[in-house]
Each structure stands twice: as C-alpha cells, then as structure tokens.
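Letters A, B, C and D name the chains as they come in the text, with residue numbers starting at 1 for each one.
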Amino acid sequence: MTEKTWMYSVLEAVQWEMRNDPAMTWIFELTPPVATNAGMPVINLETEFGRRRVVNTGIDENWMASAVPGAGLAGSKAATYIPYQGAGMPYQVIQNHAGKLRSMSGGRASMPVVFVIEMTGQTPGFAGQHSDYEVDTIYAHIAGVRTVVPSTPYDAKGMMHAALRSPDPVVFLYPAGLRMLSEEVSDAPYEVPLTKAAVRQEGSDLTIVGSGAGMPEVLEAAATLTGEGMSVEVIDLRVLKEMDTETLVTSVAKTRRLLAVDQSYYTLGPAAEVVARCAENVEGARFRRIAFSDAPPPASPEMFTWMRPDATRIADAARRMV
Amino acid sequence: MEIGSEIANRPRRGGEDDGRTGLSRRGFLRVAGLAGVAAGLAGHVARADGQIGYFAMDLPDDRLAGMLRTILRIRWHERTMADRMLSDPSYRAYNHFYAGQEAVATGVCAALRNDGPFEQIDLVYSTHRPTGHALAKGVDMAKMQAEMDFRATGLNGGYAAEMHISDPSVGFIGADGMIGPGHVIATGSAFAFRARGSDQVSVVFGGDGTYATPHFHSALNNARLLDLPFIYVLENNLYHQYAHYSYSCPHTDIADAARAYGIPARVVDGQDVFQVYNAAKEAVDRARAGGGPTFIEAKTYRYYNHLGAPGAEVGKLGAFGYDPLAITSFRPEREVRAWMQRDPVDIARATLIDWGVLTAEAADAMEAEVRAEVDAAFAWAAGQPLCNPEDGLKHVFAEGEVMPRQVA
Amino acid sequence: MTEKTWMYSVLEAVQWEMRNDPAMTWIFELTPPVATNAGMPVINLETEFGRRRVVNTGIDENWMASAVPGAGLAGSKAATYIPYQGAGMPYQVIQNHAGKLRSMSGGRASMPVVFVIEMTGQTPGFAGQHSDYEVDTIYAHIAGVRTVVPSTPYDAKGMMHAALRSPDPVVFLYPAGLRMLSEEVSDAPYEVPLTKAAVRQEGSDLTIVGSGAGMPEVLEAAATLTGEGMSVEVIDLRVLKEMDTETLVTSVAKTRRLLAVDQSYYTLGPAAEVVARCAENVEGARFRRIAFSDAPPPASPEMFTWMRPDATRIADAARRMV
Amino acid sequence: MEIGSEIANRPRRGGEDDGRTGLSRRGFLRVAGLAGVAAGLAGHVARADGQIGYFAMDLPDDRLAGMLRTILRIRWHERTMADRMLSDPSYRAYNHFYAGQEAVATGVCAALRNDGPFEQIDLVYSTHRPTGHALAKGVDMAKMQAEMDFRATGLNGGYAAEMHISDPSVGFIGADGMIGPGHVIATGSAFAFRARGSDQVSVVFGGDGTYATPHFHSALNNARLLDLPFIYVLENNLYHQYAHYSYSCPHTDIADAARAYGIPARVVDGQDVFQVYNAAKEAVDRARAGGGPTFIEAKTYRYYNHLGAPGAEVGKLGAFGYDPLAITSFRPEREVRAWMQRDPVDIARATLIDWGVLTAEAADAMEAEVRAEVDAAFAWAAGQPLCNPEDGLKHVFAEGEVMPRQVA
C-alpha cells in the first residue's frame, strides 16, 4: 500500500493482467506505457513484455482502435492508449463496430478490450483542435460500449482491472487534469464495478453531480458550502454508460435539488443526461446545470479559465438554489 | 470437343436464364463460353506434368471435387434467392449477390483451416456481399438462410441479416457492412496471432471499392510494418455500386498499390478456382511461416445488380436490370455477357473432368445433390419462428438486458 | 407551386444556388444528385453543372467531408452528400476542424459549407452497422456547426437555401424515413431560419417535442389525443444546434407537461437536452422521455418495430401524463 | 578556403550554442560544417553556367537575398523564443521549434503567390510546427508572436496560440494541430480552384509522421484522380515525436509512396533553400498549367526537441535535452551534430556570397537588421493587452455570441 498517481495505478493493473495473460497486448502511439512512482518499481510495459505484445505505432489512431477489437475477436485481451489529439479519430470504429458486434452477431461476438482515451485537452492551455470536449458525450451516447471516467487513482486501478476482465468493450476515459493526483492504492489487484456511481459526500440540501477531472472542483465547492452550513450530497458519476440512474434518483428524491456540472460542452454533455433522468423520475425538484459554454475552448488562459465551471462558480450556483 | 458439348448440354447455367433474359443471352453464353473454357484448359494441360505452378497440386481428389461442390452450393443458393425475390411475395430477405464470383471465396477458403478449436482456425472477415465467403468458410446454409430471413433460430438470432452475418465457430468473423473498417480490424486479429505466437492467419475480403478508403492504407501499412499474418483478398469486380473502379483508383491492377508497401502481391483470374487456390496457398504458407502479409487481387465479376430485394422485378431498381440512377457509369450489356463466358462453375467443372477427378455424370449428380440441399435449407429457414420483439433488448452487453425506453 | 418530395425540394434549392454561384461545388459518393417529381423537370446536378463542379468520388466519406471545408476556406461555397453508411466517418473533421476553425482563427476563417448527412439507417430493415442512430447527437453536441433536421419538404428547401447562404458550416440531417413525404412547395427560392423550432400544433395540456423522421408519428399521436379531447402542443425541433430553448420553455411553462420523443438512442439523444433545458427553466412541471432503447437496432422487423417509439406508444405515454 | 573561414569566423551559428552545449559542439560543428558546405557548393558551381537544373535561375538578386533574410528571420525568432523559455519566468508561449528546417518553408513559399486579392493568392496549410511556414508565407512576426503569447491583439485574438495560428490575408490558412486532416482539407481547396477555373495552388506541409495516417492515402489518391493543383511538401526530419520514421513507414524515401499513385515526386536536400525552391517552382508551374499534383520530400532535421515550453530547463523533458520518456527510439547526439553541419543558414549565405549576390558584409548587416526586427517584435508582443475573458463566447458563429453556461 503506497500513495500512487492515477497513471501508475492504472499501469499497475495492466501489468498484473498482462503477466497473467500471455496473449494480452497493448498498443500505443506517442505515450509509452511507462510510469514511475516514489518508492515503487518503474513500470515499463514495452520493455517488460516486448515489442510483439506492446507496440508503438505510427500516427493512426483509427488503426490502434481497430486493431484492439480485431485482437478481441481473435480471442486475445487487448488495450490501446489513444492520445488526446487523436481522441476523435477512433469514433466510427468504436461506435459502429466495437459497440455493435455483440448485438449484431446475436451475442456470438465477444470483445474483452479497453480503449484508454486521454483527455488532456480538457485542461487549460490546450485550445481549439487540441481540446477534446466531445469524448465523454460521444462515447457515452453509443450502445454496447461501457464508458467510464474514474476520478481517483483508487477507482482508476480497480476499474482497469474490471475493464480488462470484462467481456464487453470499455472506453476508459483518462481525465488527464488529474495527472498529479495521488492517494493510497493497494499493490494487490482488486475490482471497482463498471456500473456504479459513487456518493462522495452525503447531504440533504442539495445534490451536486460531477465527473472526471471536474471532481476536485466539485469537492472543493462542497467543502466550502459545508463550511457555510449547507448539507451537500456529492456524486461522482464514474460510469457514463450505463449511467447509474438509481444512485442519482435516490439522492435527488432526498435533496430535491440537483446541480449537475460538466467541464465539457453544455449541450448534450453528460450533465444533460443527469438532469433529464432525474427530472423524469423526481417530480417538483429544482434542476440546474453548469458546464463549459458551447464554444471551442480558446487558447488564452484568461478566456479559458473564465469559461470553466470551477469551485467558485459551482458554489455560487449551489447557493442560488438553496 | 467433348467437354464443350457436355457444357452446352447442361441446362440452366450462367446465372441469368430462367426466362429472365431469355434464350438469346443463354445461347450467346453457350457458344462463347466454350472458347473461354477451352483456352483456360489449354494452359492447365500444358503445365500438368510440372511440379512448379501446378494448380492445387497438394490436394487429393476429394478436396478438389469439394471446391466444385462449394461453388455449386453458393451458385444455387444465389439463384434460389433470386427466384424467391422475383416470385414469392412472402419472402423477406435481401441479398448482395455473389453469383459470378464464387471461385474467389472457394479458392481462398480451401487454403484455410476451417475447423478445430477456435484458437487454431483461420479467421475470415467478409464484406456486405458475404454469402459466398460464409458458405466457403463452412457456415451452415440453412441457419444462414434463416438469418437472412430474420428468423429467431437464424445464425445470429435475427439480429444480423445478410450484411452482418457471422459464425465464429468456423472462423467466419463475419460480414462487415461498412467499406473499409473491417480490413483494419482484420489486421488486429493478425496482430493478436503474432503476439501470442500462433500460426493462424487473418484473411479479409474486400471489393475494388475498398481501395479508395483511408482504411486501405492503414491496413496495408501496418500489416507490412508489423509483418502480420494477414491476407488481403481484393475481389475486383470492376464496379463499386454505380461507378467503375477507374473513378476511384489510379491503378489498373490494384495489386500495384499493395506492392508499393513492399507486400508480395498476385493478380489472379478470379473465375478459376484452382488459380485462386494456388495464390491463397502460397500466401497462407508465407503467413504461417512468419513471412508477413500477402495481397491477392482476383479479377472477377458479379452477374446480378449490386443489391436484390424482395419484390424485385426484372429491370427495376434494386433488382436485376440496370439502375436508372446509375448516371456516372454503369455496366454495359456486352461486358456482362463477356464475363459470363468465363463462368466459374463451368471452369471448375470442366477442369475437374479434364483432370479425371470427376466424370460428367458425377458432376451432374453433385449438382443435383446441391440443389436438393439448397431447397431443403430454404424450406427449413422459411419454417423457422419469427423473433420475439422483447429480445431486442438482449446482447447489448454480455450480461443482462438494457431497459426498454420506448415507453415512459 | 407544386407538391414536392423532400429531396426534390432540397435539390431545387441547391440547383438555384449553383446557378447563381459558378464557384459552388457538390461532392457525392453513391447517391447521384438527381431528383424527379411529377410535373417538374428532372434535376440532375451532375449533368447540369459538369464533373468539375459536381464530383462522384470513391468510398471515402472523410475526404468528402474534408474537401468541403477546404473549398470553403478557399472562398468557394460547397456541399456534400454523405450516405448513411458513412455517416460516422466524417465526425472528426466536422467536430475538430469545420466546427472549430472560425473560433480558433479569432473569427478570420469562414466556411459557407453544408454537410448533408443521410439518415436512412433510422428506418426499419437497416440494422446493426447500417443504423446511424448516433448522428443527431454527435453533430448536435459539437460547437461551431449549425445542425438542423428538417422534417417537411417545405422546411427542407427553405433551410437548404439558408444553409448555403450561411457563413457557418451546417450539418443538414436528412431523415430518409421521410423520403416519400410530399407537400406544396414554392418553385421560387425562400429561406427558413436555422435557429427556430416550429410549433406544429398549439395546445395547453401537454407539450410533445419530436424531430426529423419522428415527426409523422408525433403528429399522428397528437391527432389521436386531440380526438380524445386532450389539448396537445406539438413542437418540431427542426434545429438541434443552437437548440431553440425559448420556444420549448414557453410551451412547457404553459402546459407544465413535457413528453420528449427520440427515434434514436435514449441516453444523450436530443430529447435529453430538451428535457434538461425545460427542467432547468420550468419548475414543478412533469417530464417524460421516450426513445429507442440503448441497443444497436436489430435486423428483425419484429424486434425493431417493437423497440421504436411509434404513434401508439407516444399516445400511451401522453395519456399516462395527463 | 575563403568561404570556409568566413563561416568559421561568424559567431553564434548552428542553433545550439549560447553556452548550452558549450564549445565542444560548436567546435565540432565548425570543422565538420565546412566539408558539407564546400561539397554542396561544388555541385552548384559545376552547374552554374548551364540553363537546366540551375538553382533559382528565374529569380533576380533581391529575391534570392530575400530567401536568406526569411531564413534568418525564422531562425532568430526561434532562438529568441528558446532564450525566453529558458530564462524569462513571465514568458508564456510554447513552441514546436522549426530551427534547422528553415530552408524548406522558405524555398517553397518563395515559389508561391503570397500577396494580392484573396481569390488569386496561393494557399498554405501548415502543421503543429507552423512558425517557419507562417513567416515564409508573409505573416506579420509581431502579431504572430503576440498570438503565441495569448494576447488580445495577436494574429488571431488569442484564440489560437502557436499550434493554431492562421492569416488568410497572406494565404496562410494556418496551422493544423492534428496530424492528417489538414492534408485532406488542403485538397478541398485545390478542388475548389479547379472547379472555378482558378490557377491558384494549394500547398500542404506535413511531417514524416503524416505518412502513417489514413489521410495520407485520401489526400494523394483524390489529388491524383481529380488532377488537383495540390503540392504536398513532406518535411522528413526523421522523427515523429519519439519514434524514428522507420517505425511507421516502410519506405526510405517517402516520395516513393507518392510515386505509386502516379504523382510526380522529388526528393530534395531540405537544407538547401535553392534546391527546395527549384522543386517547388517546377511543382507550381505544373499545377498552374493544369498538370495536377506534385509531391516533394525534403530531407531535413530539427535542432531542438519536439516541443519547448516556458520554464524549460536544459536537459529536461520538453525542453532542450533528451526526453526520458523516449524509450522506443530517440535521436542520437551524433546524428544531431551531423545534421548541424549542414545548416540551412550557412548554406544559403555561403551560396549567395559564392554567386556574388551578397557580400559577407551585406549578409552580416542583414542578420543584424533581422535580429533588431525580432527583438522589436518580441517587445511589441509582450506589451500587448491580455484577452478579455468574456470574448471567449465570440466567434463561434459568424454572428452573435453563445450563452455563458458556466453560471446557472
């Protein structure tokens, strides 16, 4: 048990699974599967498992994302790490092939594969074409793929084990804004289910729902509000597909106020689905949503940070509801 | 001219008789067909004693005869389907007809490992025109037909229909209705084989239309870079939907495009199953030995229109005539006739008789058996139960069902 | 003024604009820009304008969708018709390039271009990989692109004129289920704005919101319900981006009941955004949503039609709310 | 050895002195560099009297000298930036350095129409490494620098930053931060030119990394099929981020891949601006005359690491040392040194002096002017106002603003 970063925790899970399954492969492009962590051995999948199993490809994210289901269909566990610049490239093959093959084949096709998709573009300084504000929505919308976005190193490791053991294709979003986050994470393998949201804080006045890289801001806002005497319930979505309606609805039925927060675009961001599901199931509650505006993120830090829902804005919105 | 007269005497050959185009095309086909077959055989006979380049020299007679049987099974499945579309108002399946191209699927799959444990058989990725590939790979005809007719007991439980059929049990990963992606996915299987040290081979079939897709580059480039056990079989039937391939490809032989990547490539006569087999055998041997990918371009032709659907009428859109929307380019009648002169059924049959593998009588008996089998498959399929509506919520994930959302 | 089909009406607008702008181009793949209509001249853009301006390409929807903004950036008006099988292929270039270039360039890039995206896959018989249930959401979610889905020949023609005259890139969804629909459409050019939903029927008990190919079913359900004495307001979204919040909220503020209907997937379908916007703005109303389940559409007509929200199901859901 | 000693005497040449790598590299560079330049010049001189293959024979002296000036402007912009990153804690811009590759952008853009009405100028599509292309195409340095520093009065109002800069007024359609898509979009501009009967040309710059993208195939295939006025300039600097191009490309000359499509292709010494210019001129003439696309592969090298960012420290990740993450392959020290021997600044300067276009004194004066201009540009940029936060809601569509959504 050591304090570990998000990526170290994830690669620890991958390393464990690859050691236990000699057929498993990992495909990367410019981000080598290497992680270091104070007090822990360096993880380097490429040198440990060799270049037949761990391959560095050319700039062709569609190949990477297609090779992985191809390996899965051939009976091999496989994962790929798609850098944020190429986050949109694999969309069609994940949507129309990975997600549909089980159903189309009447349950005969199985793909134990994981697409790690990096979300560096949702951090400041990565403007325009380098902002990947779309990936949570597009991968949460499609059928047949489990899409998760763990926000803590602990969840990240447990969900990676679960993802690699799952017979379903998993889109594993990596909120790279959390790169530096670390916490105590067990050295042994364990699973965190791919189906459950997490209640991070219990409360009765208001439910705040966030996900991924937005969670630290949500938690900071909740701490401030709690300090002010508000009883805030905080939910970390964690799973975008299938979204855990029960946890959401149970909470909002209790608090009768929902504030849903996205760091990606407002229109049809995950928060739209959160609000819609709760509004359908809890009558007479109050619903609010804040998100990045429907504009390509500008490069200038002044514009960018102003447009982003941060802890202050989240707390402001909450105060206006209670 | 014994062979010739044998062929001339056989009725119902050439894909488009049955009174649809009438005797004139059949007559034309009969005479011209002889020349084509004779020319083809001359070549075979000249090489019969040599060891090098001898067609299918590694195969015993029963395997050779099995190729004709496969071709006949595909052909009669196609023709029976076409008949149903034209005549049976209760028939529901649509089809992208493979008639004319049978020798390609048959020759390639004859070189593959099609049964045994899943971890040992070769995998085939097909296209939107999959029935030939499926039957050649060993998919059960009756179950496939039930699937095409949207039946609950079909190969894929009625979820797939023609453009999406699959059967992993024989390594038929399945139809991919999209042009391009399947080729790239197929290299992923080859990558997995190489990574786990297996000698399996991943084969993809593609049309000439595939050349223009961005996926063509991805599949070939990565197969070459990683030396994958991957075989790309490009069935060049000259057209992608309503356009000649020269509208989308600067090469006369698409194989030249593959050669540019340093991938060994062969152009073969796609109407001659033994020539196709030979090229496939060479490719499979190379792949199993760790020699990397091969590209095979089979020059071939489809007899019917791009797509046939129930309620078809001869000469109408989507059926068996020319398409009125086909304004950019379309298939000239003479081209269709010329290709029908070199029918893969005729060529395979005549070759086997010439080689002494079969007598004409045995070939006739085989064809009669195949027709009975096809009729039985259609009859079985038509009697299968329709799907249970609620089952649409199944098989999204490995476990459980999704929620019904069409009701509030 | 003649009764015209959807596609004839659209090509009439395209033909008019191409006649008036000799630089304008049209790129297609397998669907030739040809339309016939009883009593009207055949429209054939390829023969009228020649193959330099109207080009039939190979199977490369990404090229088609990339060539069009390239033409736009060079100062030429351009449009392309993407067949439904390739509907997902152009996603990345529309999302990350067409939609972002104006903002990224600080307003200096302009792209007067239209992407017609066919939605045949949302009609029965087009299962699995041939179902394009994702296109409304993915193109409505992204920034910088106007996404419209006209449901009548009249709107289709007017919105095509508006789209071709707009300096913004427009995703013009073609609900191919409406192929046979016809109505009186003026022969002269006219514009329908790219910003407004349409109230198709006024009422006070319940608001039903639909779009595209779902509209005939919504209207049929509304007729049934009206016959039963319910006062139904029917809204046709028409514009997915920017969604016309005002029309939606005004209606729901009046009826206090919203039933949002999608023919595409439930999770993060356009109806999620409709419900979320109304729930944020109208307190104490009732909200329901019906849609295609989150499953790849199966081939079997029995399964498919059961899974689809049709007039009967829409009416049932409405009755349960009032 | 006059030329040689002239070069040896000039201080601060070669991209990586300033005490960072110390005298040893500079010394090494000095000696080895002479051989390279001398060898290059020998070739020039031998051809100086001929009409065929004479470098830049159509250009008057001021245009030739202008090329050196452009190279110097790019180089000193780069070096000044690097200095700021290493030394100025308030400096905010990042950069994908182009130093070492200056001759490519300069030679190509010298063959293009860079001013006049928008409907007549040639268009350039750049990459994530755009500053060289931008300056060569005529973008204002001060405004560009302000943009890179996220200023409200920058070239693109602070929305773009380095990887997304653009300036349609000089035909610089702009940086495309993604690898692949820009090439295909660029063919769309060429398509529009041809459709409207214009003689404009669309040029795209790409790295060796571009080869592997599916877009490579789309761009070349469609350019060939439609005979588009399109020029693909591939700057092969041997590496895409942390991998040698042999990891993603089976060709030694990527130009061979273009030739496979039937596209005329040339491999040029990307360090020699006149050789690059000649190839570009030929390509532009061909395209304007309706002769279709050309592919130019320029062999070149970048001196700095892939990316530099504020707060850089020599030898640290993302700055000017080797990248500890570069495990698959990385650039050996000797390779960097060998390439620096053939510096594009040195080659252009020596050639012009040899040709009698410039004296050494005039070249020195030019460099001094350029340095002053660069310093002024940086000073101006640093004094520009920061962006107005609320302006982030502008320019999504041509009219109006979008709603702020970060507040409820």
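In this section, a residue touches a chain if its C-beta (ideal position, glycine included) is under 8 Å from a C-beta of that chain, and two chains touch if they have at least 3 such contacts.
The structure displayed is predicted, hence computed values, not measured ones.
Ranked by how far their CA centres sit from the centre of subunit C, the chains are topped by D.
A separation of 37 Å divides the Cα centre of subunit A from that of subunit D. Each chain gets one centre point, the mean of its Cα atoms, and the points for subunit C and subunit D are 42 Å apart. The mean-CA centres of subunit B and subunit D are about 50 angstrom from one another, to the nearest whole unit. Counting partners per residue, subunit D has 158-160, 164, 176, 178, 212, 214-215, 218, 221, 225, 247-249, 396, 402, 408 as the residues that reach two or more other chains. Within subunit A, the positions touching two or more other chains are listed as 57-58, 60, 62-63, 92, 96-97, 103-104, 127-129, 143-144, 242, 280, 288-289, 294-296, 298. In terms of inter-chain touching, the protein chains here all touch one another pairwise.
Contact residues of subunit A toward subunit C in the complex are 88-89, 91-92, 95-97, 99-100, 103-104, 127-129, 133-134, 137-138, 140-144, 241-243, 265, 267-273, 275-276, 278-280, 283-284, 286-289, 294-296, 298. Interface residues of subunit B facing subunit A in the complex, by the touch rule stated above, are 118-119, 123, 154-160, 164, 166-168, 173-174, 176, 178, 181-182, 184-196, 200, 202, 214-215, 218-219, 221-222, 225-226, 394-398, 402, 408. On the side of subunit B, the complex with subunit D involves touching residues 212, 214-218, 221, 224-225, 247-250, 256-257, 260-262. The touching residues of subunit C, when paired with subunit B in their complex, are 30-32, 34, 44, 46-47, 56-60, 62-63, 85-86, 125, 127-130, 259, 266, 288-309, 313, 316-317, 320-321.
Interface residues of subunit C facing subunit D in the complex, by the touch rule stated above, are 22-23, 25, 27, 52-53, 55, 57-58, 60, 62-63, 66-76, 78, 92-93, 96-97, 101-110, 143-144, 146, 166-168, 242, 280.
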